[in-house]
Amino acid sequence: MISHETITGILKNYDKENITIGTIGSHSALQILKGARDEGFKTLAICKNNRKFVYERFHSADEIIGVSDYREILDDDFQNKLINKNLILVPHGSLVEYVGAKNIEEKFRVPLSGNRATLEWESDRNKEKKWFKEAGIKMPKEFKSPEEIDRLVIVKFPGARGGRGYFLVDHKVGFFKKIRSRGMEDEDYTIQEYITGTRFYPHYFYSPITGEVELMSMDIRYESNVDGLARTPHWAFKHYAPEPSYTVTGNFPVVIRESLLHKVLEMGDNVVFASKKLFPPGMTGPFCIEAICTDDLKFIAFEVSARIVAGTNLYIEGSPYSQILYNEPMSTGRRIAREIKIAIEKDMLNDVIY
Amino acid sequence: MISHETITGILKNYDKENITIGTIGSHSALQILKGARDEGFKTLAICKNNRKFVYERFHSADEIIGVSDYREILDDDFQNKLINKNLILVPHGSLVEYVGAKNIEEKFRVPLSGNRATLEWESDRNKEKKWFKEAGIKMPKEFKSPEEIDRLVIVKFPGARGGRGYFLVDHKVGFFKKIRSRGMEDEDYTIQEYITGTRFYPHYFYSPITGEVELMSMDIRYESNVDGLARTPHWAFKHYAPEPSYTVTGNFPVVIRESLLHKVLEMGDNVVFASKKLFPPGMTGPFCIEAICTDDLKFIAFEVSARIVAGTNLYIEGSPYSQILYNEPMSTGRRIAREIKIAIEKDMLNDVIY
Amino acid sequence: MISHETITGILKNYDKENITIGTIGSHSALQILKGARDEGFKTLAICKNNRKFVYERFHSADEIIGVSDYREILDDDFQNKLINKNLILVPHGSLVEYVGAKNIEEKFRVPLSGNRATLEWESDRNKEKKWFKEAGIKMPKEFKSPEEIDRLVIVKFPGARGGRGYFLVDHKVGFFKKIRSRGMEDEDYTIQEYITGTRFYPHYFYSPITGEVELMSMDIRYESNVDGLARTPHWAFKHYAPEPSYTVTGNFPVVIRESLLHKVLEMGDNVVFASKKLFPPGMTGPFCIEAICTDDLKFIAFEVSARIVAGTNLYIEGSPYSQILYNEPMSTGRRIAREIKIAIEKDMLNDVIY
């Protein structure tokens, strides 16, 4: 992994009065770029050529660079160009998906907001499990092999692919049939007990400058086709029986019962605390814990996203939670830029950029 | 249809410093009136007598006129009264429903915001299909006759009646039974393949002044009883088997996965482009494309509403999308008034009023 | 019940320039405290010791007092301490749940915002039914005994316990089995016809100063596990058949079809009017009517909450409705504080504090 020393060396030469905040044109880029501009930074979007028009239409960035493949950002020349712009790149799920966690960690020496090591910990399923265990957060029962399936389970595939390919099954025979029909036999998978309850995706922000975990907002995902199937009457499945699929297509706003907030905050605190132990100095900046709340009001967590999540796109002008914390519109994207601004002022950039 | 020349003739005599923006008291009137007031216009609501109190309670308009039947607005005296107030009427779904597209187009010579011809194109099912085809937008398979039903279909009735009477069926026998039990045998109907996925109703605004299509916001509809049935357990349908019905009763806010935005924008652009070809100068102002996103991330569109839709009522202070486009609260209702304001300043009123 | 005279006597000695608004740290306290601060009041949160950190984390109150049991607030010394702070306590569902309606009415002589008698009328099922009847609001059919169950019904238990224990059943045999398995045989219960439709929880505010009922916002509840079950495919219930449960875990924002607003306003007006007749001077301040909208657009009401409801937590910066009524961010929590502020200015505190 590119060492913190390498990055601090590059940052040392940055013109701190002329930082540009940039990101890849997808996922939560509109929010990140608006937030950066609201905090007074110059902004840059790196877009697939055929998606540039989206960011132009929203007047999103001071500069928009087109690429034909996102991996072009790994080219030495490209990286130097970014560094010459005093660029800090904000990573998000699409960056990880299109460029790869390993490539970013090892080949991309442009300064990133947040701890570079986090990408590895969140994208490696075993590390993620170790992390949750260290944090004392309950996860669904996992089945090591399809042979062990003895209840309703959900089969998931790794990576930030937006739920593509996930399926439900309640017996090993169905498992093999379904995984073949999806052409996923050679993929890694995780077999998790299917938990029924209400989903909550709380969006946190951990600031190493203040030492505090802030609850910024929360959302739930809007998934195709499962959220459409839910509205289809039972009798209709006599001749028409599509399997539920879990492709993320959007997000809904939600607030949680206030008497559950302490559990939500404790989960966030524990995940940060565990990260400091597992990969010091640990996770910094935005993160999300994907969780289910059962009807006895317990939380079971499925996943941690140790970077901004797309559900924050709902809250461009702030959420019910951030509106209590801040006396101004504060999205997670803007909070990232604010952190960089404060770090520059306090000469603590090395604590938030990796 | 009342010609553009007639309207421009009437507009010529309007006192441009004293324009009143008015609408019918229903559908999205609260939003339209607030938006008009925020842009500095005088406001007028025309309400059924027994609904006046709603608009009074919200202090919605400078003047509220009561009528016992909305078709009273077609009376010559009534029209003259409106014209003497320098009134521009903002059409919406309830206007079309209660007064009739044909009546408005042919008998109502009060200036309307947006192209008058659009009402006909959106309320005639065959024209709408031609429009989508021209725009290259995929629609669900349609069955010409009940005899052809070979899968799960939804049967719809024309007009902006808020989904009333729609039903699902998977065989011609059920079709005839259900249409009779609803007393709808003599109605026009459309038989569409039932598509499962996530619904998105993006709200666009096309400005002929800037030449740009803006994505203002999006929603999904909250329908009775189908959204209640979805929460009823399967076993309960043993003795209790109500058919799903699709009466629109409200709206939920939603954002779409950012990597799908280019498709949403392209659909909007294509619909505008096609309208210019089919009924020049084409559609202007707010419109909505009702679409489903399948789990392979393709959009299938059901309907175009070529006027403000009620889902915009969620965004009185702006949506995550309009908040990026504008540095101030910008609802679709306010955007309509803003367009009129800009048109007055630029002496382009004849481009946005028909 | 502590008489209005007792309270007005205590209020007389309050320093009106130094009122503190306080509440119990749960339910809607974050909103109430922010609203009070926005209106210029000092703020106090009374929290369970292990929940203090939540309110500290959100920088919610000028003072946070820890207790080990909420009933400590009934202690004479504690009450005197609050009175010496010129405290007005805002009651909410958790106050009623943890301290008890009867205890508050009879033993807690700290001034409350809103009519103290209301707590009894909303928490006693029979009084609530009388209230709705007086207001002319339709309720679901009720079954006096399990023997009478002849359709799908929902069985509910009294009190503000967030839906815990509620179940569906369609026959008396199932009723006895289910109530036993929940250990609820000795509890009071209500057997209500199960109504299918869309839920709406409109949030009202009645001001005795202006004499007007304001529609502030509306929400729907997010309940575990029923909202999770809705997304589970039918075939999965072959071996896995959990009963739906209705524990409230959060809230979603919603707007209602504008042509239904007159019915929503009329319900609110009628409930206030009836309260004046049943327990003069009647209900004041925030309240909510939990209702279902059927597919023929009729409302059937389940419950009235005659105090702030947690669904208002969505609207810290105002809702689409309050944004029309006010030219500033106006949550229900802030509206409560605004009412106290206006009452102080107009010397009408005795009309809003009981």
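Read from first to last, the chains carry the letters A, B and C; within each, the first residue is number 1.
Convention: a residue touches a chain if its C-beta (ideal position, glycine included) is under 8 Å from a C-beta of that chain, and two chains touch if they have at least 3 such contacts.
Nothing here was measured: the structure is a model prediction, and the numbers come from that model.
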item: Shared interface numbering between chain C and chain A [over half = same, under half = different]; value: different
item: Chain A onto chain B, rotation angle from CA fit, given as a multiple of 5 degrees; value: 120
item: Inter-centroid spacing, chain C versus chain A (mean Cα positions, whole Å); value: 35
item: Two or more partner chains touched - positions in chain A; value: 227, 229-230, 234, 252-253
item: Interface residues, chain B side, partner chain C - complex; value: 26-31, 34, 50-51, 53-54, 57-60, 94, 162, 222-225, 227-236, 238-240, 242, 245, 247-253, 310, 313-317
item: Partner chain B, residues of chain C touching it in the complex; value: 151-152, 168, 170, 194-200, 212, 214-215, 226-227, 229-230, 234, 237, 241, 243-244, 252-262, 265, 292-297, 318, 320-321, 323-325
